[in-house]
Structure formats: C-alpha cells, structure tokens
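The two complexes that follow have chain A in common; it is paired with chain B in the first and with chain C in the second.
Right, the complex of A and B next:
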C-alpha cells in the first residue's frame, strides 16, 4: 500500500515538474520580444543592423537613443497627452462602470435585463465600425484635436459594466441589508461596503483600461490632428519612414512607453492575485 | 424599547402569497419568536418589519408610528443575520462602529460605546481582528454586538444560531437569554428550531404557509395546541396522532377504532379543539409520547396491552415504538424495563392529556 502511494506521489511530482518546464518555456517565449526591445534600446544603429545578430548591447550605459528620441520628437508632450487621455478615460469609465455595475447587480428596476443586454450588445460591436460615426459626432461638437475628443470613445466601457456587475452579483445581499439597517445610504454602501469587496475587479479593470487607453492608436491618429495633440503611440510612427525605420529610436520610445503600464501593474497586481475573499459570512 | 404591531400584513411575489393576513401585537420588552418550517413566511415577515422587504398590503408600526414607508435606517431597529454579515474587510472594532459612523456619531462617543459593548460580549481582546480570524461563535457575538451598539428600539434576529454547532448554539442561546433579561429590548427572533423557540421566547408565533397558526407562551403552545399542525410541529418526538370515531355511552364520550376505546375525561373534552364532538364523527386524537407510561408509573392511567417494536436509548430516557392492536405509538419513558422487541407489555395512557382535533 505504502509503495503504491509513493509511486502515485512520484508520478504526480514528475507531472508537476513537466508542467512547470512547459510553462517556463512559453513564459520565456512570451518575454523574448520585450527583452529584445529593451536590449535594442541600448544599441547603436550599426549594432542593430549587424549580422549575425547580437543579443547584448556593447554598453548598457548608452543612453544616446533616449536623448536623440526626445530631440527628434516632442515625446514629453506625447507622454503628457497619453497620460491625460488615459487618466480622463480611466476616471470616467471606472465611475460609470462601478455605478452601473452596482445598479445592475443589486438594484431592482423595470427592464433591467433588457438594458443590460443593450449594454452587452455595445460590447460586441467592433470599434472600427463605430469610428466614422464617432468622428462625425466629434466634428459636430467641436472636439476634434482636443483631449475630450481623444478620450471620448473610452469614457464609457461596456466591458467595465459587465465586469463589475458580475463581481458585485457575487457579493452576498446580506452585507447590503446589514449596511442599510446600519444607516448607510446607497452611495455609502457602494463606497464603504461594496468597493472594498470588489478590489480585485477594480484592480483588473484599472490595469486593463489603462493599458487599452494607453495603447490606442487608430482613434488618436484620426482625432489628434496637430503634433501637440499626438499621443505616444502616434508619436512612435514618426520614427517609421516609407523606406527606413529608426529601430534604435522606436525601441527607446517603446521602452519608455511601457514604464507607466508596468508601474500600474506592479502597484495593483497584489489585488489581482488576492481574489475575492468573503469571509464575513458563513457557508 | 417599543411595541411592534402588524395589522393585516400581506406579502406576495407575483401570484405567490408568502405572508397572508398577519396580525400581531408585540409588547414592549417582549421576546417573541416566529417559528415554522422553511418557506412558511417567518423570515419575510421579519424582513418586512426591518424594512428590507416592502409589504404588499397592511400596516406595520413601531412604537405607535406606521413605518411602512420608512427606510430601514429610520426604523431604529437592529438585525442579526443568519450568516453574520460582518463586513470582511473591517476589523471587529470597525464592524461594531459602522452603524454609529453612518449616523455621524462623534468619534469619542463611538469608542466609548464600542468598548462598552465589546466588554459586555467578551470581545475586547478581539477588537483589532478581521472576521476571518474569528471562530463561528465569536463572529456571531460580533454580529450581536453590532446590533447592540446602537441601542435600537427593536432587535430582529434571523436564525442567528443556525450556523453554529450544537454546543455553541446552546451556549449562545443562554447568553442571548441573559442579554435580553438585562436589556429588556423588544426582540423578534426567527427560527425553525423549536428548542430555541421554547427556551428563548416569552411568546411563540407558529407560522405555516404564510399564516399564523397559533400565538402563545411556550407552555400554551406545547400543552394546548390549537391546530393539528401545531400539535404535530411542536414536540420532539412528535405527538402520536390517530384517527378515531366519536361514540357516546352512558353519557360519556368515547373515542374508538378497531384497536382501542378511550373514554375522554372532562378536562380533555374542555381542551378539545374539535368544534363539535357528535356521535359518528371522525376526529384526530393526539397524545404526546411523554404522556404514555410504562411499569409502575402506568398504574393510574388507562391501560392497554401493547407489543414492543423498537427501543432507542437516548441517554436519560428511552424512546420506544410499540403497537396497540394495529396502531403505532411512540412513548418517551424513563425506563424500558428490559422489554424485548416483540414482547407484549402494559402501557398507561394519561387520558387527561388527550388532544382532539378536527380532521383537516
């Protein structure tokens, strides 16, 4: 019996190890492009063009690409624009998603399911289909080449409403009942009871939303018509010509553009792994 | 403290009536228990009193004021939930203080009140812990503390002990009783556990299918059930119920069937719930297992020859299953006198404790 038990355990350990090796392989595979871009940011143009390729730059203290990048294009401005647009859209869409998610999850009103389906249907329409009507709207309200225009498509997201609705539905109603009896208004229930309980959803949403806004390319390209309204993604295109790409500058700009997203992820990742812990109720 | 009155209260969900025409007057300082099986409408009634459910019709008043349109926070009530409903992200101190914070009570006053309640419930050492770090009993005590901290007019308890193990339940039940005797706050307690109801209640309301079957003190409910449902529901083991025919002989009423004939004494006739006892009428006769005796204790009662079916030792008592003719009975006796299964023996039925109901 004991031998059999140990054999089973050994097989399990062996399987686990194999699984880890496979996962590690794919993990590294996914990291390769990122590592390549970071290393390229420190290489000179001849180093990049060299064959056979060299992985490591001659010097990690070569910041010429970063200096040249800022000299060639107003990247400080692009960063400011991207950050402004991302923050506006993040604040707006988070507020709307939380409020709508709470209403759909915990309140009763007529045609609730129908409204929710309506919102979900927006979620299913490809962005590209809506670009033209949105652009026409922006020209009519005079928001072309403005921050509001840049942020407009992201002021509301159906995905956020769906995410918060799903998470909040999982929070037992007794917390809300208890808070109501304790004297909390709906907005206080949302702020003091509900939001702390859906922190993982909030963290996920902030990361996804910020990443989405930061990486937007097509809409800022269309709506930001002067250089002072370009975002980082649009600015990156400036280093790509018809015949020639300045890979060293593109890599340097890409590395810098990753930093805000990386910071947000580092800041919020503990809530992502934490999961929803609802230990105040029994069973 | 306050009186609570329910006048013709109804609650329907679509075409389903879950609470039907409930009329109830709960006295100031009283401990009233709503008792019934799952789905009988007791929790819905409690939630309507709390303001967590709207009434479909009828009037609910607390301390003389109709509160139908008031929000839960304006009813000055506190509620303890079955699953505790402690906010998991807040420490015990913050959980206790939450209600006061929401009512903009001064910080210093909150601290005083929280410490006072924590001491009363022996929670002082746990104030900085999260609910996840507490045992079931401790969590329930925090839930009670959260209700007590605001000194509300009415306490509402929604099966607060049902998630605890038997030992802890008994312990907390006693604590709850003592607390009520100390605070004398009007309390409405929902449970499906008749032992809890019997031990805690000043009065019990038995509910069935959204209606009130009987209101009375635990003694009244146990000794004088007004309906067959109450008779069957209260008491463990259940009351023995047999269908009998009413006969009259020499001026006395007899209950008979193929196996037994029981003359009904006046005291039982007076207590009979059946509206009329006419010759030839069929009624339901009830006798509690504790009113059937064996051995020397059976001497002063109406005796029958019975056949032993099964004996179960329950500790201090024995639960025996036996047959009189073809009728099955259960009795709760102090001693089984070593009567073997299948053996015949004499049992005494205390006919003064008979219950007679109409057939439903």
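Right, the complex of A and C next:
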C-alpha cells in the first residue's frame, strides 16, 4: 500500500514535469512572432529578401532602419502626442473615478444602486458604435485635431469607478469614522486616509488605462487629422502606407511603437496582470 | 455632498453615452450634409442600408470572423489555463505564464504588421516553416478565401493571454476541498473537470465569451492595417464599412444606421449569451 502510493506520486510529478515542458514549448511558440519582428527590425533590405530565410540579422548594431524611420516621419512627435493624450486621460479619468468610487463605497445617498448601474452600463457599450455622434460633437465644439479631442473618449472610464468602489468598500469604516470625528472633510479623508490604503488598485488602474489609451486606433485616426496630431498607432499605419513592402522599416516602427508597453510589461507586470484581471472580473 | 462626488461621472455618462445615443438615432432618420442642417427623412436611410449588399456582406464577414475567433480563443485559453494551473507554482512558471500573456500588450495595429510579415507568401516565416513539412506555400492574406482565417489567427494570438489570465484567476478561486471530496467519492479527473471545474468557472467563461464576442464583432484595426479590406473587399468588416461610409464617402446618416445595427447586434448577442450560458450552481 505504502509502496503503491509512492510510485503513484512519482508518476504524478513526472507527468507534471512533462506538462511543464509542453507548456514551455508552446509558450516559446507564442513569442516567435514578437521575436521575429524584433530580429527583422535589425536586418537590411537584402537580408529580409534572402531565401532560405535567415534567423539572425548580420549585425544587432544595425540601427539604420530606426534612423531612416525617424528621418521619414516625425515619430518623436507621435510619441509626444500619444504620451500627452495618455497623461490627459489618466489625470482626468483617475480623479473622476476616485471621487465616484469613494461616494459609492463610503457615502449614503438616494438612488445609489440606480446610479451605479447607470455608470456600469456605459462600460458595456463599445466605443465603436458611438464614434459618429462623438465625432460630430467634436466638430461642433471645435476639438477636432486637438489633444482634448484625442483624449475625449478616455477622459472618463466607468471601469475605474467600479474598481475603486470595490477596493474602497474593503477599507474598514472605523478608519473613515475616526477621521470624520476628528472633523476632517470628506475630500481630505479621501486624499489622506483612503488613497494611501488603495495604492495597489491605483497602480493597476493607471497601468491598464495607459495601455488602453496608448493602443487606441480608430478614434485618433478620425480626430488626429494632420500629421502633427498623429498618435503612435496612427503614425505607424501612415508610415507603413508610405513604405509599402519595406518590411525591415515597418518592423522597426512596429517594435518602437510597442516598446513603452513592453517596458511596462517587464517592469510592472504584477500591476498589469492584476489590472487586467480586475477589468475582466467585474461581472 | 455625495452628489458632488458623483457629478463628474454623471456628466460623462451624459456626454459619452446619453447624448451620442440620441444623436445617433436622430442622425439615422435624417439627411446629413456638411453645411446644411439636418432634415428629417423617415426610414429612407434604413431602407438604403438594409437593401445594400455592402452592408450585408460586411456583416456576414464579421460574423464569420467572430465565429472563427471566439470558440477557438476561449477553448485554447481554457486548455492553457488548465495546463498552467496544473503545473502550479514552481520555478519559472510565472515566466511561462508571461510568455502566453506578452502579446496582449501590443496594439492591434502592431499585431497586424507583425503577422502580415509572418504571412508574406514569398519571404514569410510561416511558409518557410510549412516548407519543412513539405506543404505547399499558402497565400494567407492575399487570397479571398484564406484572408479571414488568417486574420483570426492574428486575433487569437493577441487575445489568448487575456482570457487565460481571467480563467487562471477563476481556477485559483476554486476551493481544493471540492476536488478532495470528489476524489474520496471515487471521481476521476474527467468527472472532476465536468462536474467541478467547468461549473465553477462558468462566470469567467461567460465573461470571456461576451468580451471576445464584442471585441471580434467590432474588429477594425487588423483588416485596416493588414489588408485594407482586401483582396477585393474580402476582409472588409462591419466597422470598416461604417468608417468608410462615414469618413470617405461622407454619408454620416447611413453610417449611423449601420452603427445602430452593430449596437443592436452586440446587445442581442451579449444578452443571449448571458441567458443561454449562465448556469446557477449551488454546492
């Protein structure tokens, strides 16, 4: 009996090790397209048209593609634009979501449930179906081709309200009550008591929001009409249209466009994963 | 006081949702021209859109794409999630998980270029790999019949990691006691999967089905960047149809009708998925 148990356990760990290797193998396969585009970004034009294909570029110090890319189109400007839009939307949506999240978590008022459902229902509606009226609204207030116009749909995120409500509900009421007795105003309680306690949620929200904003495409394509208002994604498409079939250049631009997200992915993966899971599990 | 905290959120619900929805409906019943004011025309636009082949064809392609993507993504994500969960926390397992999850951070425009180069019939990596197995090179994105399946490969690759994360978070939440109790009752692994894992993952599964369905129905970046709707319109999706109708042919009114159609389709599918797939379980 004892013996049988041990062999069974051995078989199990053996199976799990095999499974681990299988998962690792397919994981590497998932990375192949990303690795391939990075390798292509360092190749010269004759190299990418060589058959049979070569995996590694002749030199990893060949930055010609990147140099040519910056000479052809103002990618620095595109980065600046994407960053500006991301920062505007981050500031606005975070502030608004924190306020509303706090009200839903720790304040009492009439029709609370109704307002909460109203805000959540906005989250369920995809951007794309509202794009025409929003665009026409932008033309009417003159925000087309401006940073505020580019950031407009991202100024508020219903998901943030939900996220902060969840986290703030978890903070014990005694903390809040103690501060209220001391005569602190609600806004002070929010900033100095509540916010330090929900820092992880704040980090997750900021990262996930940055990612959504950075990866936007259809809206900035419509709103950023002149080249100096292109975001990185729009600029990437414009660049690829200009250098049709020059895949070493397009690969370089593609790599550059995802570098900020890759950095976040590598450095802040914990918050990114947490944010994605939270954005998904809102039920 | 609480209303003050809610005010900014409610303002944005108004300008992001209520006003655009009404505007969209008004637009769909009007004759739109850049300089003339709107003129009520009844159901004329609806008639134009619903009798046009372009609308139905783009809708058909979008549904085909959705049908290819959603079941595959969800099934693969479930397999990967189960595999990674079974491997459990051991050295390097976080790294393996990150491999599957890495593509999620890339924008869909970047995904489109990464894969267009992989799919290149002459110099692409995929045909090169097929050659190893002595399979004839495929035309991938350049062929009317294979363009949508090729686009769905891109989509599945870029969405798999997100669904996997949600499912892993669901698997982690299942109490191990259920499995122990089942094992004592003599259940094998297959029984456990059908009677414990799947029912308890129901919430996460419904969620990713709904999210993926929505993402696939509104697909725009992938065909826009990779094929620009080609070859011969074979990858022109519904959102692309809306975009071109509105911003290239300047027919905002007809595009508004198509947006409303997309909105209703998404609403119906989301609601029916909730209704059909959600299982109330009690243990």
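Here is the rule we use: the second predicted complex is superposed on the first by the 223 of 283 C-alpha atoms of A that agree within 3 Å, B and C clash if a C-alpha of one lies under 4 Å from a C-alpha of the other, contacts with A are read in each partner's own complex, and residues count from 1 in each chain.
To be clear about the criterion, contacts are C-beta pairs under 8 Å (C-beta built on N, C-alpha and C of every residue); 3 or more make two chains touch, one makes a residue touch a chain.
Keep in mind it's a predicted model, so treat the numbers as computed, not measured.
By the document's definition of touching, neither partner reaches A:151: not chain B, not chain C.
Set against each other, chain B and chain C differ in how many residues of chain A they touch, and the higher count belongs to C.
Contacts of A:27 after superposition on the shared chain: chain C is touched, whereas chain B is not. In the superposition on chain A, no contact is made by A:252 with either chain B or chain C. Contacts of A:229 after superposition on the shared chain: neither chain B nor chain C is touched. Contact with neither chain B nor chain C is seen for A:105 once the two complexes are overlaid on the shared chain.
When the two structures are aligned on the shared chain, A:90 is found in touch with neither chain B nor chain C. By the touch criterion defined above, A:52 lies against chain C but remains apart from chain B after alignment on the C-alpha atoms of chain A. In the superposition on the C-alpha atoms of chain A, the part of chain A touched by chain B in one complex and by chain C in the other spans residues 277, 280-281, 283. If you check the complex, the residues on chain C that touch chain A are 1-3, 5-6, 8-10, 12-13, 15-17, 19-21, 23-24, 27, 80, 83-84, 86-88, 90, 92-93, 96, 98-110, 113-115, 117-118, 120, 122-123, 125, 128, 131, 157, 160-162, 165-166, 169, 203-204, 207-208, 211, 214, 218, 220-221, 224-225, 239, 242-243, 246-247, 252, 255-256, 259-260, 262-263, 266, 270. Across the interface of their complex, chain B is touched by residues 172, 174-175, 177-184, 188, 192-193, 196-197, 277-283 of chain A. Residues 47, 50-52, 71-73, 77-79, 81-89, 98-99, 102-103, 130-132, 136, 139, 146, 150, 163 of chain B touch chain A in their complex.
Note for the complex: chain A touches chain C at residues 16, 19-20, 22-24, 26-28, 30-34, 36-37, 40, 48-49, 51-53, 95-97, 99-100, 102-103, 107-109, 115, 118-119, 121-122, 124-137, 153, 155-156, 158, 161, 186, 211, 214-215, 217-218, 222, 233, 236-237, 240, 247, 250-251, 253-254, 257-258, 261-262, 264-265, 269, 272-273, 276-277, 280-281, 283.
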